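Shared between the two complexes below is chain A, which pairs with chain B and chain C, respectively.
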Partner chain A sequence: MHDALLIEERPHWWSDRRAELTLGALACGVLAVVLAMLVFVVTAAWPSFAHNGLHWFGSGGNVDNQIRTIFLSGDQGGPFHWQFHAWPLLWSTILTTGAAVAISFFCSVFVALFIIEFAPSSVREILQPVIRLLASVPSVIYGLIGVLVIVPFIGNHLITQGQKQSVAYAISLNGYSLLAAVLILTVMISPIMISIFCDGLRAVPRTWVEASLGLGVNRWRTYWKIAVRTARPALIAGTVLATARALGEAVMLAMVSGSVGFAPNPLDGVIFFFEPSRPLAATIISNSEELSSPPMKHTLYAIAAVLLFSAAMLSLIGWVAKQPMKKYAVRG
Partner chain B sequence: MKLKTLALAGVATLALAIPASAGATTLIGSGSTAAQPYLLALFKGYTKLHPSIHFVYTPDGGNAGVKDVQQGKSQFAAQARAPLPSDAGTTYVKLFLDGLCLDVNPANKLTNVSIQQVRDIYLGNITSWTGIPGSGLTSTIDPFGRDTNGGTYNFFVSSVLNNKPPSSRVTPLLSDGLVANSVKKDPNAIGYNGLAYFTPRSGLKALKLNGVPCSALAVKKLRYPLTRYIWLVLPTANSSNKVERFADWVRTSVKAGQIISKVGGVPAFNQTAKKKHKK
Partner chain C sequence: MEAGALATPPRPPRPVPAGPTWRLADRIGIALCWALGALFCAIAAAIVIFMLVQGIRYVRPSLLVTHPTAGFNETQTGGFLDPLLGTLLVAAIAIAIALPLGVATAVWLSEYGRPFALARLTESAVEMVAGTPSIVLALFGTVVFSSPALGFLSRSSGGVVFGRSFFAAGAILSLVALPLIVSSTREGLQAIPTHLREASLAVGKTRFATVRRILLPTARPSVVTGTMLGLGRVIGDTAIIVILLGATLRFNSAGHAPLLGVLKGTGSTLTSYVYQNSPSGEGNQPSKAYAAAFVLLAIVLVLNAAVEIVRRRSQVGSWNP
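Right after this comes the complex of A and B.
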């Protein structure tokens, strides 16, 4: 006669089935939130795209004047104006994000390789927490450092009077520039890249590396040809994450990039690096007060939709780029 | 069992904390960065007299602050320009006087500038300091201003630029503090800031406008051309009693007047302390 039930038969409140369903529900909940956000932004953005068509992405006229016209038409009554050609903002985003990611990638691969493979363990123990700390510094701190140190240095010591005078009829070169924006953005996204690259390099099986070293290959060749190649999926993941952060950076770029809707021209030579501009996310923050004007609201949501779409495309490109590497996947 | 005890202890601690904070009220405000130095000092002074009142202030720009009040996100806002039709649903209360000073770097020898010259600089008609006699510089001018989030921007555009937008030569910055910082660091810069930003160690030089110095005295006598009121913006419906009492204290009390003067503003309506006569 058994009064007590066996342990397996005792009803447990938190059964496997319940846990599975709850976690599944939470995951679906997160998906639902993301979908709702996408739908909301695209619906709010649609009027601006509808009135401009593909010219939304083209150039034509001064984008700051267009923003002002759109805002005033909604604020002061009368017919709404919708004309908006966002090319200077798009070009500025492409330049700042592209340059920052390229420079950061190049530096981060070597820094991660050094930390994992070449550094003495005492140096490694210090560097890894420092990199993680840098990755979590709020972006407005970088903006402050930029405004207090880097921008005055560029404006007072790197830009010559002749350069300033040559473009004085259109813009002022005062240090708030593409160079400052790219420099600070690079420093901001590097720690993220380095952390992920380090994790990728650490996951390379030691047996592969030791086998190569045992065959007499020197350390540099081993790590470069075997460890870094194996860690390529991690390199892509780190790049995608860092690019997403760079795309979404608003406050720091609004502080140091010059905040003028101007498309920097590479044909200007050295002056190109000192020209002010304003990326997409910084535009949203600089004009956030104008949300009360209906056409301006739709235009700002259109900019947000472009940013969301870019982030989604990034993830897709990352996934596509990783597919051919599946045959080199780390097993065991 | 241990988890239950821990949870009970946590709930008990929270329950104990509630009576302690029950008496405290937090008043939430946002708005003008120009008014921020004054407001922070005034909040401190008011909390000394009424320890149960705490303030939270977000300086997101005067226009953004008014929108916050219209949408119910803030109980009050500070604004550096007069009310416009788009501020419907809010009540503007004059607090005290402030002046908008034009500032240059100390390396610039200029002492006086006319409103027409300032207009030409900010509209891009004059691009070099050689066009402004008295500056002693031959370099290009670097004008700095506020972005559209600030009431200061509206005030400047309407008073100086006759509602024309500033040229693309002007670098718009997110706050008055950043404008002051840029002028301090760049010898070729010109910018505009409220009186509160001109402390002895600020590293800025205020210019006379049409011959009138940007000083508390000239502002008080309404002689300085860019004199403006700092306003408190309240929602017309359901405004908080506590905020109204704070506004009355700022407007009329002796202590508030002293705080405003100390920070650099000009009390407009405050009573002054009566001098004690020795018998």
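Right after this comes the complex of A and C.
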């Protein structure tokens, strides 16, 4: 953009032209790695999709047994088995991610508003660093707290003996549950949302808020109708980021979700919340020792491809949703 | 940066107290706001205090300097010296790769970005990495590092490349840190006013000299912040460690070269140590898991404090009006 200002380049070992090419090459290296990742993951995933077709996403049979059959068929070098119906895993991912994002979005909007507008300044000074800390706590620590505190509590105090016996023929209810997974996931992604929502609310032009207050609109109405609306791009950005974290969370969910390929059924009533499951990402990590078996490897890559596709779609949706809000000029 | 400036002016007067003139919906809203705010404070305090109590109960200085061993009860399993060193090693490798690459990408995107389409593509690629689950990156790493061409980076026996080593884990973890460094550096560069660039170019400096002598030093707080945030993510990642580092209890070096052998071998970090010692892992020693989690939390806390200090300091002497 400053081409007109450039004086004739001096011959120098680190000349401008060469520097630009080097920097460009490094940046394109990053691009190449990302493209390579896409190509690798999709090609490695293809055999699993090709053998199952759209049934890959459907239900049918016990998914844990299918995984074992796939692994053993590759391990013994015999004819490969490919049958894999991932619906229980998909359903578990949808349930945990969806519920956690919905709950923490609702709470985070209010908490962010509380921190920015209503909290006494001393509380705010303490809370802001605490939120940043909580947002960067490694997920394995949340998993540890979950598996040592929340899961035993649910198993011992919330689930009754009668409930355990009523489904004992199909699954064992021992506290590793949808409830625990959603609870910990909510606590884990809320700080991420809150910190981004706070940034958005803080960037709302002060004059807009003051104009509304000056017109006699009460405090709550002002913040709800002016500040929160103006900060909508930040709300979208925070939600997209938190959803991506929830979707890709593997270790923590492998620890608390129960690691059973079971699709919790909402028709079961209260027991639904206590049923174990296993999301997609947790499936990859709990079977990561079995990558040596070729069909198993392709199956795990197929799961990874689904995650990658969902993450890409997520950021695309976020981008599209932000387009009509550009006029607010509040970054998010 | 501007946010800090906006937060300081005096708050507007509050003429209308929450009273009987408010509509019910407004009163519910404000009550919900306070209730959820208080709930959040309670949860945050509970987590912090709980981890503090567990840390005081279980952390002993001797744990930090003894090697871990396999054993059946808490007295036999030793400390977590190896995971601690492994964490530092992996973080050093990841940042050594991500920092130059990230700064170069950010500088190119914000100062050059000449073939426009290519720059946009690179930008989206970096955004895409930011949204990619780390478990997917880990699986990508197993393909790359078990290819025979990269066999020199990990253990191999009889032509079969193992693909698990500190090199492999560090290289893939650098992808986790990269987007944070790029976005933070770009923000720092974009916050520098144009007249600074013009002044530098007007006195005859080349564009690269401007970048190196003027822009990067000015944007240093942003670079540092991005690096620290990236470091936090690298240290906290478990999936990549479990899949690409092997999560063996001790350093399991390949070959006899002093440092190279360790780097080519497998090992563990604090996150994988916590995972292995939780009830879901093989070790199942909750007190050791709590102690390691506390140390991990302390490292994250120090990193966060560093970010906070850099952020405060940069607001004092920055170019922002």
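Everything that follows uses one rule, which is that the second predicted complex is superposed on the first by the 299 of 332 C-alpha atoms of A that agree within 3 Å, B and C clash if a C-alpha of one lies under 4 Å from a C-alpha of the other, contacts with A are read in each partner's own complex, and residues count from 1 in each chain.
Just so we're on the same page, a contact is a pair of C-beta atoms (placed from the backbone, for glycine too) under 8 Å apart; a residue touches a chain by one contact, two chains touch by 3 or more.
In this text the structure is predicted, and so the values were computed from the model without any measurement.
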item	value
Room on chain A for both chain B and chain C (clash or fit)	clash
Chain B versus chain C as contact partner of A:A254, first or second or both or neither	both
Chain B versus chain C as contact partner of A:N62, first or second or both or neither	first
Which superposed partner A:D75 touches (first chain B, second chain C, both, neither)	first
Which superposed partner A:L35 touches (first chain B, second chain C, both, neither)	second
Which superposed partner A:G155 touches (first chain B, second chain C, both, neither)	first
Contacts of A:S288 with chain B and chain C, given as first, second, both or neither	both
Chain B versus chain C as contact partner of A:A119, first or second or both or neither	second
Which of chain B and chain C A:V140 touches, first, second, both or neither	second
Chain C-contacting residues of chain A that also contact chain B	147-148, 254-255, 259, 288, 291
For the chain C and chain A complex, residues of the former touching the latter	2-3, 6-7, 9, 12-16, 18, 21-22, 26-27, 29-30, 32-34, 36-37, 39-41, 43-44, 47-48, 50-51, 100-101, 104-105, 107-109, 112, 114, 118-119, 121-122, 125-140, 142-144, 175, 178, 197-198, 201-202, 204, 206-209, 211, 229, 232-233, 235-239, 242-243, 271, 274-275, 278-280, 286, 289-290, 293, 296-297, 300-301, 303-304, 307-308
Residue ranges of chain A touching chain C (in the complex, touch as defined)	2, 5-7, 9-10, 12, 14-16, 19-20, 22-24, 26-31, 33-37, 40-41, 44, 107, 110-111, 113-115, 118-119, 123, 127, 129-134, 136-141, 143-145, 147-149, 187, 190, 194, 199, 202-203, 206, 209-210, 213-214, 216, 218-221, 224, 240-241, 244, 247-251, 254-255, 259, 281, 284-285, 288, 291, 300-301, 304, 307-308, 311-312, 314-315
Chain B-facing residues of chain A, complex	62, 64-65, 68, 71, 75, 147-148, 151-152, 155-156, 161, 164-165, 168-176, 254-255, 258-262, 276, 286-292
Partner chain A, residues of chain B touching it in the complex	61, 63-64, 67, 86, 124, 127-128, 139-144, 147-149, 165, 168-174, 178, 181-182, 185-189
